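One chain, subunit A, appears in both complexes that follow, with subunit B as partner in the first and subunit C in the second.
Let's look at the complex of A and B:
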């Protein structure tokens, strides 16, 4: 209710203003969006804590709430209004669920689950029954009408589909992020085309220092003057892709999407870095792995397995570092917010808000640092793979 | 725990999305941006190099100018020196010549004066001799015109002769 009236109150004057002062409207609308975003998110967390049936009676479980927020989900849930009342309303962006089973491809909207993720709502499509158990689609076995759980809460009479290619909220936010990246960088690139003297203007003057930073502080020193150009597109893309998704993970209303804190995302990027490193490895690189020069033969044999393990540990460390850092940030912020609901008092709210604000500010720095670290280490690995023999 | 298990679906979409992003940004963003930046840097480098060259040329020119000026100055100095020497020489030569001529003239003049003087002296002597003879004749005639005076003379002469 609060959210509802807040929105109405803040947006209504803008309509009137907008007719006469379009520019001012844009600015104030922007401000309002940010404000309402902040408010909505606080409620989002609050409501999410109670989305379990039974509402207030049930004990608040911060662990479940946090994991629910940190992990992926089928719909983009933004807020629940009038919770526990007759006219309860879920503000959600429904996203497509795409699953491939023995019976072929099945597609339906995530809204078919009606915000249930405890396996109660059964969706019948294509002669199969689907349930959502903790944001994972399961296919009920033939003849089963209800999900049965074992002691640990795993379904016993249902299985995962062969492939689950659903457009989850992380995928959705990923696409939003690349749309933003396209908007920023294609606009910037067009700025250069327009100007005759290659002088950056507008968004290009904001983008250029970052691009030059990646080139001069990451690619050049790590890879070397002669070879860095080949890797520039990859390094720039990965830097901005990680950074923007780190930032999107921090924007409260979008915090459902914790893309860069998802192991699948970091796994993919680390795997690409690994593939590029392996394919650009020159003779010198492989020699250092399999037959370390400059050491006695027993040492060469001893070092070989270590080097081979190291080859794989490098991308794995990339994967875990980004995942752990971003997820940890989210967990801390959510845990601090949970204090309010754990103690069931508003008195703790200022402390919670102050601490989570503090952590959020740190996280803002972490977004850039983690993107930088991922990129610089990738560049370092490329540099090691392409390094020429020294004498 | 499924928090640390990569989901196939998200891996799949991340891979596709990233490759699309990489492809499009490489072609339409990184190429023009990096191209523009490096073009500009090249431009700046070239401009700096040409400025440096211009400065060096300027320096060379200045050095040349300085040298030429120096040479001109030296030449002028030399010419002035030469001129001064020539002038001095000329003056000295003229002086010596004039000296010589003058001394010759003086010598001649002296010689002429000497000879003239001698002639004049001779003439004067002869003239004086004649004159004194005439005077003596007249005096003698006068002196010896009366007896007293003759006696006195004889007396005087005799007085002198005794003293001797």
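Let's look at the complex of A and C:
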């Protein structure tokens, strides 16, 4: 029901131009989604098997596997070929590790770790020894030849570098999504320049309904007819940026580059929303925070701290919502896949595959809904900040 | 009981709360839409926003459970 009406309203502007084109487009899009999910789920199985560490004697730990997949990493690990054999081969996209320590800037490729994240592989560069402990680079102390761990698994004789500016897989995926967005929108813009009557064609006919949707369903009703134009660039940017990153997170071949499920990423977006809200707040907005009109004085004093907390809770809830929704989706899919290895039988595989296919399809909807929610709530906060007094 | 077990119970309680909340919102939105089909779009978008608010509180609980577990 949700998807349907989302589509209908999204494509509503197109209906005027021709009712058959959008419908045909919808059916083929739906077919594509189903096919690609099917295809990707098959890949998922490949992954889950690829992540099984050690021999059969070693107990499979789903928690470690899931956390390892959800977290950021140095280098993109795509698959392990010939696992456990002599010619074991890790198919990876190595990414640069850039760390700043007391001895200055050090850079090396993440392939130097040979896909080890237990701190066994020691990389010597610039007179320092680096190890990768659970996808965090540590610098070994002077004279230490091996990492020692305390009871909780934290290294005792190594420390984090001062600054870790590595191009991790999240950063890499962010650049990829930026490039894809630029490609889509610059192509669309060129289409408009070429056409004489401003009728969208090609990729522009896909982009225009979405832009119109953000304008007519999000910005206009939430911010108001007079002021919405100022906020449109930001709203469009976060809508498409979050959406495309959510979609990239669902592609298993990228090993779940979980960018929008990264709290630092969502924190940055929420912080930008907070800054814009605070700076565009008018007199009326601040009055409602510090001296609520229309209530008795004791109530005004009582409400002030609550409103000030509310000012900060709004962006924090934006941050947590996106982070937790996307991470939860990844965790569920991976947990369903781990069932096969927990029960150690192929018989459970059809159940696992069917359920993760189901969850993946739901996640495809969630990618759009979360982008929509983040955008509409940002617009709502901007609207609250710019609302004029009306008595 | 270990702290992980308690965290799991907490996450479950958060899920129950969110389920009740979102269920009520969804049910009322459905009723309202059936009564006034012409308001369909507006009701749906407000229902989604409200569901997001309810969900956020539940997700706070889940995140706390994650941190403890």
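Criterion: the second predicted complex is superposed on the first by the 336 of 391 C-alpha atoms of A that agree within 3 Å, B and C clash if a C-alpha of one lies under 4 Å from a C-alpha of the other, contacts with A are read in each partner's own complex, and residues count from 1 in each chain.
Definition applied: a contact is a pair of C-beta atoms (placed from the backbone, for glycine too) under 8 Å apart; a residue touches a chain by one contact, two chains touch by 3 or more.
Given the structure is predicted, the values throughout are model-derived calculations rather than measurements.
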(request) Determine, for the superposed model, which of the two partners subunit B and subunit C contacts more residues of subunit A. (result) B
(request) Using the touch definition from the top, say if A:325 reaches subunit B (first), subunit C (second), both or neither. (result) second
(message) Once chain A of both complexes is superposed, is A:334 in touch with subunit B (first), subunit C (second), both, or neither?
(response) neither
(message) Quick check for you: in the superposed arrangement, does A:217 touch first (subunit B), second (subunit C), both or neither?
(response) second
(request) State whether A:317 touches subunit B only (first), subunit C only (second), both chains, or neither. (result) second
(request) Go through the superposed model and pick first if A:244 touches only subunit B, second if only subunit C, both, or neither. (result) neither
(request) Classify the contacts of A:373 with the two partner chains as first (subunit B alone), second (subunit C alone), both, or neither. (result) second
(request) Could you list which residues of subunit A make contact with subunit B in one structure and with subunit C in the other? (result) 323
(message) Taking the touch rule as given, give the residues of subunit B at its contact with subunit A in the complex, in rising order.
(response) 2-15, 17-18, 20-22, 24-26, 28-37, 39-40, 43
(request) Please give the residue numbers of subunit A that touch subunit C in the complex, ascending. (result) 2, 5, 9, 217, 221, 317, 320-321, 323-325, 328, 369, 372-373, 376-377, 380
(message) For a test of understanding, state which residues of subunit A touch subunit B in their complex under the given definition.
(response) 67, 70-72, 136, 163-168, 170-171, 174-175, 178, 181-182, 185-186, 188-189, 192-193, 197-200, 204, 207-208, 211-212, 215, 232-234, 236-237, 241, 262-265, 267-269, 272, 323, 327
(request) Flag every residue of subunit C that touches subunit A in the complex, lowest number first. (result) 40-41, 44-45, 48-49, 52-53, 55-56, 59-60, 62-63
